[in-house]
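Everything below concerns the one structure shown next.
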Amino acid sequence: MKPQPIALKVLNVVTAILFLVALGMVFLYAPLEATMNYVQKIFYFHIANAWVGMLGFVAAAVAGVIYLVKHDLKWDIIELAAVEISLVFFFIAIVTGSIWARPSWGTYWTWEPRLTTAAILELVYFAYLLLRQGIDDPDRRARFSAVYTLIGAISVPITFVSIRLFRTIHPVVIGTNSSAAQGGFDMTSKMLVTMFFALFTFSVIFITLFWHRIRLGQLAHHLEELKLEE
Amino acid sequence: MIVTKKLVKRFGLKTVLRGLDLEVQAGEFVALLGPNGAGKTTFLRILASLSSPTLGEVIVAGYRLPRQASAVRHNLGVVSHMPLLYGDLTAEENLRFYGRLYGIREAGQRITEVLELVGLESRRRDLVRTFSRGMQQRLAIGRAILHDPDVLLFDEPHTGLDQDACDMLDRLLRKVAGEGRTVVMTSHDLARVEELASRFDVLSRGIICASSSRKDLGRKNLLDFYRQALEN
Amino acid sequence: MMERKNRYLKATSSLSKAIGAIVWKDLAAELRSRELLSAMLVFALLVILIFNFALELDAQARRVATAGILWATFAFAGTLGLNRSMAVEKDRGCLDGLLLAPVDRSAIYFGKSISNLAFMLIIEAIVLPVYSVLYNTNLFHPGLILVILLGSVGYVAVGTLLSSMAVQTRTRDVLLPILLFPVVIPILIAAVKASSGFLQGLTFTDVMPYINLLIVYDVIVTAVSYMVFDYVVEE
């Protein structure tokens, strides 16, 4: 069993430290927001999770295209890892969003563009996983997965635009002057710093998890090889 | 006519063909024998341009696969154990459809010719789903030779046929192969194949482990040759 | 060794001829058996019936809900048609027959898409008057026809690609709606909004953004599906 490369071990530690620092910043450094107090703090994690979800989404689409071009199964492992991570992080984002929404908007859920698109994206991911489950041949599975990733990558942004033709009540956080504007709030400079640090931390978390998951995929692949040799 | 050099086919981690070398001259009728799961169908699908090789060279009818697949397809006829025919169309309509796909000139004339050759002229306006399996196989052969290909590939064509149907099929196979075509046929039916083919190759564990022309076989029984090849 | 002359071949078989042949083949076969169309039609009518009992709308509410009911019906009945159309090819090995022919794979994609579209339009053409009669609503609005056309084109464009994939998996019939529905949501949104708009007497300009969305979706999705279709059928 191949041990974790040193870079990954270092990354594990760095990620843990960053996360602790981020937690500290969120609870100690960033000021309490005027109207919503502690509930607002979940916002930092909500945004960061959604951000990671986006990274995964883009990574999956890119990996899919590369697989179709190169036919190297390594890219299939990467694509699957990206989808799984994106699925989980978007889910956390949706849940944290709901937790924030209840006291702010009075409802856990609303059919506004970002939220609805996130939900649809989760369904696309589940469809992806079900698709993979129904195929035994590794090459066909990789090809079909890549094709579906591509179709999903194109249709989901269009879905977002379509729903946007409706009205939105999702808070527009950056750039508004009025803090009362539809649940949005003013960001002081400390809040901005905290938010960007959270984004950075979660990006690092993404890379770490991504690396681990790809490693897992490769080890599984290696296990299959060993089984066949018997 | 057909050349494969070090042909390797892998499905994920499973290697089915391990460096298969084969050469078939124009006009030869090669019977490809081998146990189940040896890779005969996989090999035939690669020759038929339905599957691409993982490694190695494949040349059929003078063109390289998979790059020049389209050129190969013009000159290739395939009969598998699935009929490849549309049950809700008549025999004639099936042939007309494939005729269009292959771009055949004077299609009407050619279709009649083919139907007569396979002995189905009287049933040309009947729906294929009313045909017996034997008749469907004969029509399938008609479909395969419609565009007059130089190379014919048969994947266990006798599957599911009774004795009479098999005999009729063999008569047709002899007629069709006799026109100078190059034929590769996989089969489990050694007795029948012994009468039809001019050469016998045994595919086992991913490579051709034995090959003999009918002349060289001489007095030896094909069954013995086959068993011996598998033992090695 | 005999020199064999290929007497019957053209130099190349043209793409449009191949597409035409496939469409003709599908329509001729379906005309004879009418299996696919009757299944789709009965299913569509059943769905409308179910909606009738499930929603219990009065005349006013029904006017608002009509567009949604129609599109839900089309979406569900559509998967039936897509599944059956591909299953025919897969079951008798005919897909191999198509792949063996010296034609571009896109001929298969366009041929199947066009016949799938034809089937869907036929069903829609029957469902519309039936719904009109059952619920005493006038559905004969040129704008509505346009929306149905555009929506069906997009649906079938991506549906043919996905059904080609689904039919090659173990989970087959069940998989297609799961793959298809999340991805055709833009069509459903735009089509329902546009249809609803037309039925409520809005002008073309009011409904324009949704029509544009449909057109953009159709173009993008058809282009992408056409480009990746090879990867779905070639081994």
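Think of it as A, B and C in the order they're written, each chain with its own count starting at 1.
What we mean here is this: contacts are C-beta pairs under 8 Å (C-beta built on N, C-alpha and C of every residue); 3 or more make two chains touch, one makes a residue touch a chain.
Remember, predicted model here, so these are calculated numbers, not experimental data.
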| item | value |
| --- | --- |
| Per Cα centroids, the chain farthest from chain C | B |
| Chain nearest the overall C-alpha centroid of the shown protein atoms | C |
| Chain pair showing more contacts of the two, B-C and A-B | B-C |
| Where chain A and chain C are represented by their mean Cα positions, the distance between them in whole Å | 33 |
| Separation of mean Cα positions, chain C and chain B [Å, integer] | 36 |
| Averaged-CA centre spacing for the pair chain B and chain A, given as whole angstrom | 52 |
| Multi-partner residues of chain C (each touching 2 or more other chains) | 235 |
| Contacts with 2+ other chains: residues of chain A | 139 |
| Footprint of chain B on chain C - complex, ascending | 1-4, 6-10, 12-14, 17-18, 20-22, 24-25, 28-30, 32-33, 88, 92-94, 96-104, 234-235 |
| Contacting residues of chain B [partner chain C, same complex] | 25-27, 45, 48-52, 70-71, 73-76, 78, 80, 82-89, 93, 97-98, 100-106, 110, 127, 143, 146-150, 179-181 |
| Touch list for chain B against partner chain A, complex | 11-14 |
| Complex interface listing, chain C residues touching chain A | 158, 161-162, 165, 168-172, 175, 178-179, 181-186, 189-190, 193, 209-210, 213, 216-217, 220-221, 224-225, 228, 231-232, 235 |
| For the chain A and chain C complex, residues of the former touching the latter | 68, 120, 123-124, 126-127, 130-131, 133-136, 139-140, 143-144, 146-148, 150-152, 154-155, 158-159, 161-163, 165 |
